[in-house]
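Which chain is which? They are A, B, C and D, in the order written, and residues in each are numbered from 1.
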């Protein structure tokens, strides 16, 4: 009988096809969102002063719910260690720990630890990953262009280190380029076209080099874009280039089952 | 006879093929543009002081014209409720209401409502949508990549929430990161490479994390670009991959009617 | 004999194949670059004070040379009016006029006109266009996606007008959003991810809307990129999709003359 | 016997397949990274004061190691001058020189030279290039679109010169546009969407032109992206469009050796 309950709970918690499973998913989704909003709003001082006790109640109710969810997930899974050490298993545990740990560190000497623990709860947003499960094609495309992206990143880092050093020499500390790491930070801010403006070149030579860095950054953004686009396009082309085994015709739609020219069944890879 | 007038008005207002229909379209286009410019310039204090009365006259003349247009559209349409509750029907109504409503709220206690009503008129720009009607291929491409864009957006929001929280912990209120929502705002400003500079990291650790966020933002912009490019390319490829039913040859131009190799008529999907 | 001189001059000035023609081209290129640098450096006050008289001499020598060039071009062309009213004919004339006109307006009351005339000379950079003549494939790709780019631009302008108006209402004059045109300017600065930071939202609601605008701007940049990429790709595909008339095989290189499978001559469009 | 040692050293230093070769590579990689970090951290004043002597020791130990590496590379290479004047040969030499040269220039009158020499050591990062060797496909794609990128860059520079000059005239020195070069710097900052905000237009006309420049910059970034994407896509397509010599079918995977339709061996270009 326990086994039946276990099975039913498994279907509700891990399944998404039954009404109960779907209701559970939606309830969990809402609980996660409320929890994240509570963490965010708690950090706003004026709100914390007014509604601090409400945040505390919400926090404990949701932590209780998540604890129940975690224990049930462990209970209903057959290979427990596999779930516990899976990505989502660890995320689920990480969502609980901070709140309980904050009971241990209560003295004022642990203020920073408490603050960090409280904010760690924001990682609960990763629990939402369960609702995605669609990014496979994207991930496959990114993984297949892994090598090229590494080369590109290496080039960007080399550029940024050299440009930062040059600017440190050219502009110097009096114009905000007080050290090489800071100058490299400036080079990243500029090359990525973010452009805060907290550090900006003042000398004519510095502005000329900066102009060069900007145009470079503007141009080389084309490279990762090209890499990802081609990789994504290739994923799509696989189907479009699939040829019918009877008439050897290509150009079928992504969801085609039969050849649109002769009706032969398509042999997907 | 009324029926004939109704039909003729219908052709003028909804049609674009007759000279009268085209003249009506151009007149409406100009009226919309004038109306939007009036709303915009009215908000400039120095212009409002000098030309306020002119703006008022323009406003009422154009509102009168739009009212007439709206009533005529309702009159000439056979299935009135269908027009009234269509997108453009609601936009047309929304273009009139604010001006009339401003007659009701005249006391100084309603100042904010009046201001909002006056500005609502800017939505008249949506009336221009009627002149577009070309974006279908674009919209189809975007719609077909809806799923991937959602996944991408979800990833961006997750990144931004986590990065914002981390920066709130690292930098703290004294450097402008006064709360998590504000830190998330900073993360969005940085990841999207906007970079206002109103909030900028000051600590070494903060600047290191910021550099990471910037390079990340610089790199992941490749993803939506890749998605849209591939979707748009597929729209175009449909024609290029269309095969001739006689010689099974592909590569025809978008406007081809006959196969360029054997002359057979092409069977478009 | 005059005819022979005319022909020889024509070959030197308009041609690029003879040594003399090439030498003329290089000399002209250098003259244009010097001229533009002179205009640029003249505007730097400290340099103008020191080297003002040199700039004046360079100016008159180059203007003399450009005048000679212009007159010779008119002389050697047979259909004179066609050259004079061509794009480069007008540019060539526009390169001379400002310097001569500055002789007429010499009083201090014409200071602004003189300044404008002096700066107009910077348009001489357009004379460099003659050396490009490679951008045809690019231009063809952009022209073929003209329609889609217009739709995209219309969408961006609509977004920017509505967002600007909403921010004007939300933030108001005390936070820098003093009028709708200024708020629209802010919306453009934000949507295009430029982000000066001279105007930045201060209220929570304003920052939320701004975040939305930024993510939107970050996402919709994918659209023009996709449009141009697909158009450029199509230009290239024309050759790749060209089929051999004998074996009907595609996939030939851009410069292929014979089919790489059966050796049949390719029939280019 | 010396010959055997020479060969063994060659395999260790230039090879990557043997355990010793791999160990050498990793040791060199770590040495380069430590060296660059030392240069960077040395420039941070507070760290230099505390750990200056450690940086000095690290510096001389690593320079010794790099000298040994350089001399060994020269020794084991047969065609010595070819290595010495190769890109990496020069980089290897450049990594040593600054430290030794700093022994010559020790007086306080050479402070700037010493500083420059010390920073030159950062170019050691280019030694890392040996570990990349993957960017060939990327480089080939960029090289094949060299012409189009030049045209694009020329257009951007022309735009930036004209826009800068116009803004100098419109805004003038009182709003930060003190000279044409500075205005061109602003135009680059704006067109590339960096947007520092150190110079920002103040007049209505100036802000209108700036808006135009921003939207232009937002739109034309699509061009280099399109160019690179198409070039990269073409590199990949070469394989996809490769046709089987037996059944003339295309669409094979990049690593395919046999035709996936009839099993015939593929004839790669």
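The criterion applied here is as follows: contacts are C-beta pairs under 8 Å (C-beta built on N, C-alpha and C of every residue); 3 or more make two chains touch, one makes a residue touch a chain.
Computed from a predicted model, the values in this text were never measured in an experiment.
J.: Using C-alpha centres only, name the chain that sits farthest from chain D.
T.: Comparing chain centres, B lies farthest from chain D.
J.: Any idea what the CA-fit rotation angle from chain A to chain D is, to the nearest 5 degrees?
T.: 90
J.: Same or different: do the copies chain C and chain D touch each other through matching residue numbers, with over half of them shared?
T.: Comparing the two copies, chain C and chain D contact each other through largely different residue numbers, since under half are shared.
J.: Using mean CA coordinates as chain centres, what's the gap between chain C and chain D in Å?
T.: 28
J.: What whole-number Å value describes the gap between the mean CA coordinates of chain A and chain C?
T.: The computed centroid separation for chain A versus chain C comes out at 40 Å.
J.: Give me the residues of chain C that touch two or more other chains.
T.: Expected reply: 181, 184, 193-197, 217, 221, 225, 227, 229, 233, 250.
J.: Along chain A, where are the residues that touch chain B in the complex?
T.: It comes out as residues 36, 39-45, 115-116, 119, 122-123, 125-126, 128-129, 132, 134-135, 137-138, 141-142, 149, 153, 156, 181-182, 184-185, 188-189, 191-198, 217, 221, 224-225, 227-229, 231-233, 236, 240, 247-251, 261.
J.: Mind pulling up the chain D residues that touch chain C in the complex?
T.: 147-148, 150-152, 154-155, 158, 161-162, 165-166, 168-169, 178-181, 184, 190, 193-197, 200, 204, 207-208, 210-211, 214-215, 217-219, 221-223, 225-227, 229-230, 233-234, 237, 241-243, 245, 248, 250
J.: Quick check: in the complex, which residue numbers of chain C touch chain A?
T.: 193-197, 225, 229
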